[in-house]
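To start, the structure itself, in structure tokens.
Chains: A, B, C and D, in written order; residue numbering restarts at 1 for each.
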Amino acid sequence: MAVRVQQEDFDVGVESRTLQGPAVGAIALFVGTVRSLRGDDSITAMTLEHYPGMTETEISRIEDEARSRWPLLEVRVVHRVGRLLAGEQIVMVAVSSAHRQAAFDAAQYIMDFLKTDAPFWKAEERGDQVDWVEARQSDSDAHAKWQLK
Amino acid sequence: MAVRVQQEDFDVGVESRTLQGPAVGAIALFVGTVRSLRGDDSITAMTLEHYPGMTETEISRIEDEARSRWPLLEVRVVHRVGRLLAGEQIVMVAVSSAHRQAAFDAAQYIMDFLKTDAPFWKAEERGDQVDWVEARQSDSDAHAKWQLK
Amino acid sequence: MSGAMINVLYFAWMREHTGTASEQITLPDGAKTVGDLLPLLMSQSAGHALALKNMAAVRVAVNRNYGDLKTVVAAGDEIAFFPPVTGG
Amino acid sequence: MSGAMINVLYFAWMREHTGTASEQITLPDGAKTVGDLLPLLMSQSAGHALALKNMAAVRVAVNRNYGDLKTVVAAGDEIAFFPPVTGG
């Protein structure tokens, strides 16, 4: 299965190599990390929760949509759950294709839909305070732009 | 220096980690590999030559242009030269930013300009035959689209 | 007769408000859709009422597929309520 | 008097055609631009003439910056001729 939800960290180099193959000329990867600095603010950690079963289903559906739009070879999505410290890796989307445009577009498409459709929730820690993150309008906008294409 | 031209292979995981920092939320990476299968055809290896001195200057200029368009944190370009076998990594472009859109756009921009402006040349091996690769119109088109934005 | 059961899940701040991640409820007589379940669910506790009072801010899944208040429910279904997602 | 020297580089198939990666030439009297160098360069060998006959298919750099046939050259300059690039 091309989708993994796990507590453990992942190695982008190892993942990238598993996407290789004789027809592959391009691999696009995206890594999301726990951003500590937020203007004057900073967070020390976050905790990610998800809906087991539905998460994998949704991400596979997003992958299928991407494959219907672009000639992709391999697709790999790894998303961590549990408590992650500032700077840690959260998510990786990696796509291989013969040419770079398809790989870039598909990686971006999968991230945009993952952000709005995959059932994950983040709670951020600022010192002793823990707050659930609110959904961002910019993510809905990024999702919506694909409907126009 | 954010640009390296080298014969040795590189590890995408190691490179990705060096782009991390407290303000980073997104890392976009692209890896180009030696594609063996070309329809009914296949290549066994390629040899890359470049113009030492000018290569680094051109890629640094492309990086500066990208930084003037998007709020980027770290930029890393590694390009291999010499003889590479089918399936080997050729080039990596990696960009970190607070948010994913800037990282994706900048990685794609840098790749598009690297393809048309950085002085590298490829010769492909098919059995005993060695041919210099001709520049692709699609790369000029990818370059040209940025002028419209 | 023993009523038809459905399983209800809550995530993130909705789980915290309701105080439960998962509860079995009996499908009320005449209930056909997710919306028909809300009066019963909101009567479970003050926290349930708070969690479910603004359904415009809540997403619904039925058997792990996105739905809405008009999605049909049947015995054995898994109904999930959760805030807009924030992963990635 | 000893002429002002410039260094000329060739890459990829142009290097193979000319049989040289780098050559020192004396800046011809009155030569002000890259285009003014072509007659001398093309006279070096049949391979040179072949390599430089279709300048629409050739890119030019002067001191490691892109230029064209109208770019001004001076003593000590490094002039490079190469095909459209194919890296990445």
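Here is the rule we use: contacts are C-beta pairs under 8 Å (C-beta built on N, C-alpha and C of every residue); 3 or more make two chains touch, one makes a residue touch a chain.
Here the structure is a predicted model, which means the values were calculated and not measured.
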For chain B and chain D, chains touching each: none
Centre-of-Cα separation between chain B and chain A, whole angstrom: 22
Centroid distance [mean C-alpha coordinates] between chain D and chain A, Å: 49
Distance from the mean Cα position of chain C to that of chain A, given in whole angstrom: 27
Shared interface positions of chain B, touching two or more other chains: 32, 111
Per-residue multi-chain contacts in chain C, two or more chains: none
Inter-chain touch pairs (all): A-B, A-C, B-D
Chain B contact footprint on chain A (complex, rising order): 11-14, 16, 20-37, 42, 86-87, 98-101, 103-104, 107-108, 111, 138, 142
Contact footprint of chain B on chain D as seen in their complex: 9, 11-13, 61, 64-66, 80, 82-88
Chain C contact footprint on chain A (complex, rising order): 32, 48-51, 53-54, 57, 79, 90-91, 111, 114-123, 132-136
